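The chains carry the letters A, B, C and D, assigned in the order they are written, with residues numbered from 1 in each.
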Amino acid sequence: MKIGFVGLGHMGNPMVKNLLKAGFDVTVYDKSAEAMQALAAAGAKPASSLIELAKGAEVLITMLQTGDQVKDVCLKKEGLFENSLPDVLYIDSSSIEIAASRELHHEAGLLGVCMIDAPVSGGVAGAEAGTLTFMVGGEEKVFNRAKPILEKLGKKIIHAGEGGHGQAAKICNNLILGVSMIAVSEAFTLAKKIGLDPKKFFEISSNASGQCWAMTKYSPVPDLVENVPSNNGYKAGFMAKMMLKDLLLGMHAAENAQASVPLGAVATELYSLFVGQGNGEMDFSGIIKMLMGE
Amino acid sequence: MKIGFVGLGHMGNPMVKNLLKAGFDVTVYDKSAEAMQALAAAGAKPASSLIELAKGAEVLITMLQTGDQVKDVCLKKEGLFENSLPDVLYIDSSSIEIAASRELHHEAGLLGVCMIDAPVSGGVAGAEAGTLTFMVGGEEKVFNRAKPILEKLGKKIIHAGEGGHGQAAKICNNLILGVSMIAVSEAFTLAKKIGLDPKKFFEISSNASGQCWAMTKYSPVPDLVENVPSNNGYKAGFMAKMMLKDLLLGMHAAENAQASVPLGAVATELYSLFVGQGNGEMDFSGIIKMLMGE
Amino acid sequence: MKIGFVGLGHMGNPMVKNLLKAGFDVTVYDKSAEAMQALAAAGAKPASSLIELAKGAEVLITMLQTGDQVKDVCLKKEGLFENSLPDVLYIDSSSIEIAASRELHHEAGLLGVCMIDAPVSGGVAGAEAGTLTFMVGGEEKVFNRAKPILEKLGKKIIHAGEGGHGQAAKICNNLILGVSMIAVSEAFTLAKKIGLDPKKFFEISSNASGQCWAMTKYSPVPDLVENVPSNNGYKAGFMAKMMLKDLLLGMHAAENAQASVPLGAVATELYSLFVGQGNGEMDFSGIIKMLMGE
Amino acid sequence: MKIGFVGLGHMGNPMVKNLLKAGFDVTVYDKSAEAMQALAAAGAKPASSLIELAKGAEVLITMLQTGDQVKDVCLKKEGLFENSLPDVLYIDSSSIEIAASRELHHEAGLLGVCMIDAPVSGGVAGAEAGTLTFMVGGEEKVFNRAKPILEKLGKKIIHAGEGGHGQAAKICNNLILGVSMIAVSEAFTLAKKIGLDPKKFFEISSNASGQCWAMTKYSPVPDLVENVPSNNGYKAGFMAKMMLKDLLLGMHAAENAQASVPLGAVATELYSLFVGQGNGEMDFSGIIKMLMGE
């Protein structure tokens, strides 16, 4: 099966490699010629334009950074939608605004493109290992067409609902994650300043009503859980600036849906302060350092 | 073994009953004669004063509402500490300020009282079923003396550290709980307003990085988890005003320890708003109704 | 001088009337035929299309609700910019995103349209009385062309800076306003619950470091200041939903500028809660009722 | 008239000097012998104990840091209340908990001490210049007795209400101040990042609905207002840690009064973060540096 893949950054690069390993014929496109060359060495075919890529692909995948980028790549005259084969399958794995995703689904429908939104969680490590989680929005039959391909890239492929609901699921999930990471950090900071041993507190709270993924799978305090960024000087992992991006997507979604998200809003601002102090590339669990006054 | 028990409210009453069932000889005291009579019928011996109770007990237990109450009962001339037997074991199961608990430990030390602070989680249901969790602060040998008694009242008896650390562990844990309950409520509110099916979102997020006890064991959205207050019109359970009390204990602890707890502070104010609107007796998961605009 | 005016709502209607009173020849356009008829009776000339309006006007004014509306009216092929006279003066008095305003300034520059952004404060009452404040962004010479016209509509016409800075000034100002209205409401709520007479507190704080416009010119407590909505059951005035809109513009501006605005964010969410409880049309000072638990 | 003055710190020292200048006979007491010697040189008489000081004074004044200190000085057996002359006038100028102040008023009443609480604003500069503002709680006739003395120390002597209402007025006022200083700092940070000239924004907002004392009398941006700490590298002035103390008094007052103060709570935590990063001695307007990411 011929796949056209647009967006060859930290995430796109290992995803393409996994598709190649799985035996797919992959054509790639990126603004950066370097990024394309890197994958040509691995067996991908560089395209000279979006048109060329679109004309030769049964499946199109985008992995970009913003809704505006995805709209630009898909909706302009020389873009993917106008130049794709009839009934093409289009998978957008970018994390973008729900509203933008819905607009893309709408345009896709008008032009005969079969689209799903399929943002991921799992980060660069998950992309490399092929263990991403995909949260998918779109019609069931399109979801079913995409599933065998996504299974080469991830371990969990979940159908969240209609078009845009993949984005919605990821945004709502990460809203909880951002807030709970800070809550866990506040609790550990307080425990430490009171003199309560963090190991002891972890043992207690991880078996009690304070238990949450941010504590038990991604502890911001080093040496409580294996293989987490806090053990490694907060080297990302999931960068603070990416958490800020996801929280801001949550704020926009809340505005559009007229939902009140007070803790989400404060978490957003705390990540904004943290990133503004030069910590954007640090793992998002590093926010505990700001609270600790370090 | 002779136990003297002070504080016969919603929690103290079933705890005394469990001690009686376990075969202990229990003398009780409460300002309310009615509360004492209720337990006399179950086999407890009412004391006419704290002095009388203290003079006849090898073990003293208090289950009161505030640090001032505990200090009043223990520290005044006609109180427990001045009138207790040598080397008496004293268990304070009240949830109170860390600073007050430390003061009590200090006075206990001066007067030869062997004290642990042992606040509980599990609520009235846990007190009745004898399935409470005890978070214990104090010397290990005192902890070991208390453990066989506490095992008649609860299922998990955890030694958190030195005097006051039982309180600290509970306070830090409930700080996470209060914040994460609101975070989960915000996420479900947003999901609903976007049109994302709550069951679907639960299925996704409970298996992803948004997972937390507040969602998977105590969902604020009805009919996702069994036996939770949201299934039953938010009948407590753990009352919103009790969550507010615990969050305020957290705020005091943070002030004294000079720790910053921004999300804890906002969660406190949101529970304050919710309780101020007349919802103090509702289960704390009912705060989702405020966010939903219901 | 011939003026074309687009957007005849609560604000646009009285603005057009003041322009007519000042002797200008005003052509008007609105999607609502009714809104046009209402002004025809006052001497304005209804246009049948944006093209017709644009082709006959030396000055164009828009007073719309969102950046998307303004872009729609100005930038499409049958819109104002493509069809305007050479060197036309264009005044956008809508309150919109800074980014949208900058895009409009950019397009205006390409097409020879002399644009200023000139959002107002003062509300419907100010529009009717001709006492609005205009915060203007754009080149000084364009500002000077617009000033004599704006002086028929308002009392203060302030040049804030380059294109978009009119919007920026209003957004930053209203960020302070939204926060300080809630701060004042919190202080009065606390004072009342302590038993401190609000008149006494007003007398003290309005002469001390707590003084702010939200207190001394627009008190949320009735009967402390004359002619404010709190004296009149919180009848707007400046509606809570409009304050929410302005705070959200502030949040977007902060996101784009990578600025942290934690109190702005919480104020936004509190207004979101208040509006979500059905109070969008109430004056924004009515938020004190939510804090009071009324 | 013989005055006994307890508490000779940064504030107490210049206050005593002003009382001496006004011709009063002042006896002083402080735990620090050095602090007493410093004032002996200026003409004050050091007392060897609180008892000695109390026995010889017609008026007693305390200027201490915490409610516990004031209670310690006043209520213990060797303290002021037990050993004072009949009908003595007692002025507590410390900023303390409302609850503690009320307790002191209550004890004073039982022992025939005529008390007012009279916390100040104006800082060290105001104490030195004799231009403090006193917010006074207590009976009117006691207020009238104290007024002539306070007029030697300050310019504004305001009667806020019954016992404790002096504290209440200051706490409520400083709640607004702490919030509005951050709001103004957020707005200036946002303005700067957008490129809007701070001078321009100041000119606009100080004449509009964003006007507040924190902006127009104490601008956190340098060179907009004369004689403010921001012009002088944020040298206090009013130290951040003192603002944090006052905000925490507000949080306690709100808890006791069951009032919700969400913005106050966030402002408290932001000052806690700022102080925790080592900025406690900096002027409180320096918090703009944290927001600016400096």
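One rule holds in what follows: a contact is a pair of C-beta atoms (placed from the backbone, for glycine too) under 8 Å apart; a residue touches a chain by one contact, two chains touch by 3 or more.
Note that the coordinates shown come from a computational prediction; the quantities given were computed from them, not determined experimentally.
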| item | value |
| --- | --- |
| Pair with more cross-chain C-beta pairs in contact, given A-D and C-D | C-D |
| Furthest chain, CA centroid comparison against chain B | C |
| Same or different contact residues where chain C meets its copy chain B, judged by the half mark | same |
| Distance between the centres, which are taken as Cα means, of chain D and chain C, whole angstrom | 40 |
| Chain centre separation in whole Å, for chain D relative to chain A (CA means) | 51 |
| Numbers and ranges of chain C residues touching at least 2 other chains | 254, 258-262, 266, 270, 273, 276, 291, 293 |
| Overall pattern in which the protein chains touch one another (line/ring/star/complete/other) | complete |
| Chain B-facing residues of chain C, complex | 262, 266, 273, 276-278, 290-291, 293 |
| Complex contacts: residues of chain A adjacent to chain B | 98, 121, 133, 135, 156, 158, 160-162, 164-165, 168-169, 171-177, 179-180, 182-184, 186-191, 193-197, 200-201, 203-205, 207-215, 217-218, 250, 253-254, 257-264, 266-267, 270, 291, 293 |
| Chain B residues within the chain D interface of the complex | 248, 251, 254-255, 258-262, 265-266, 268-270, 272-273, 275-276 |
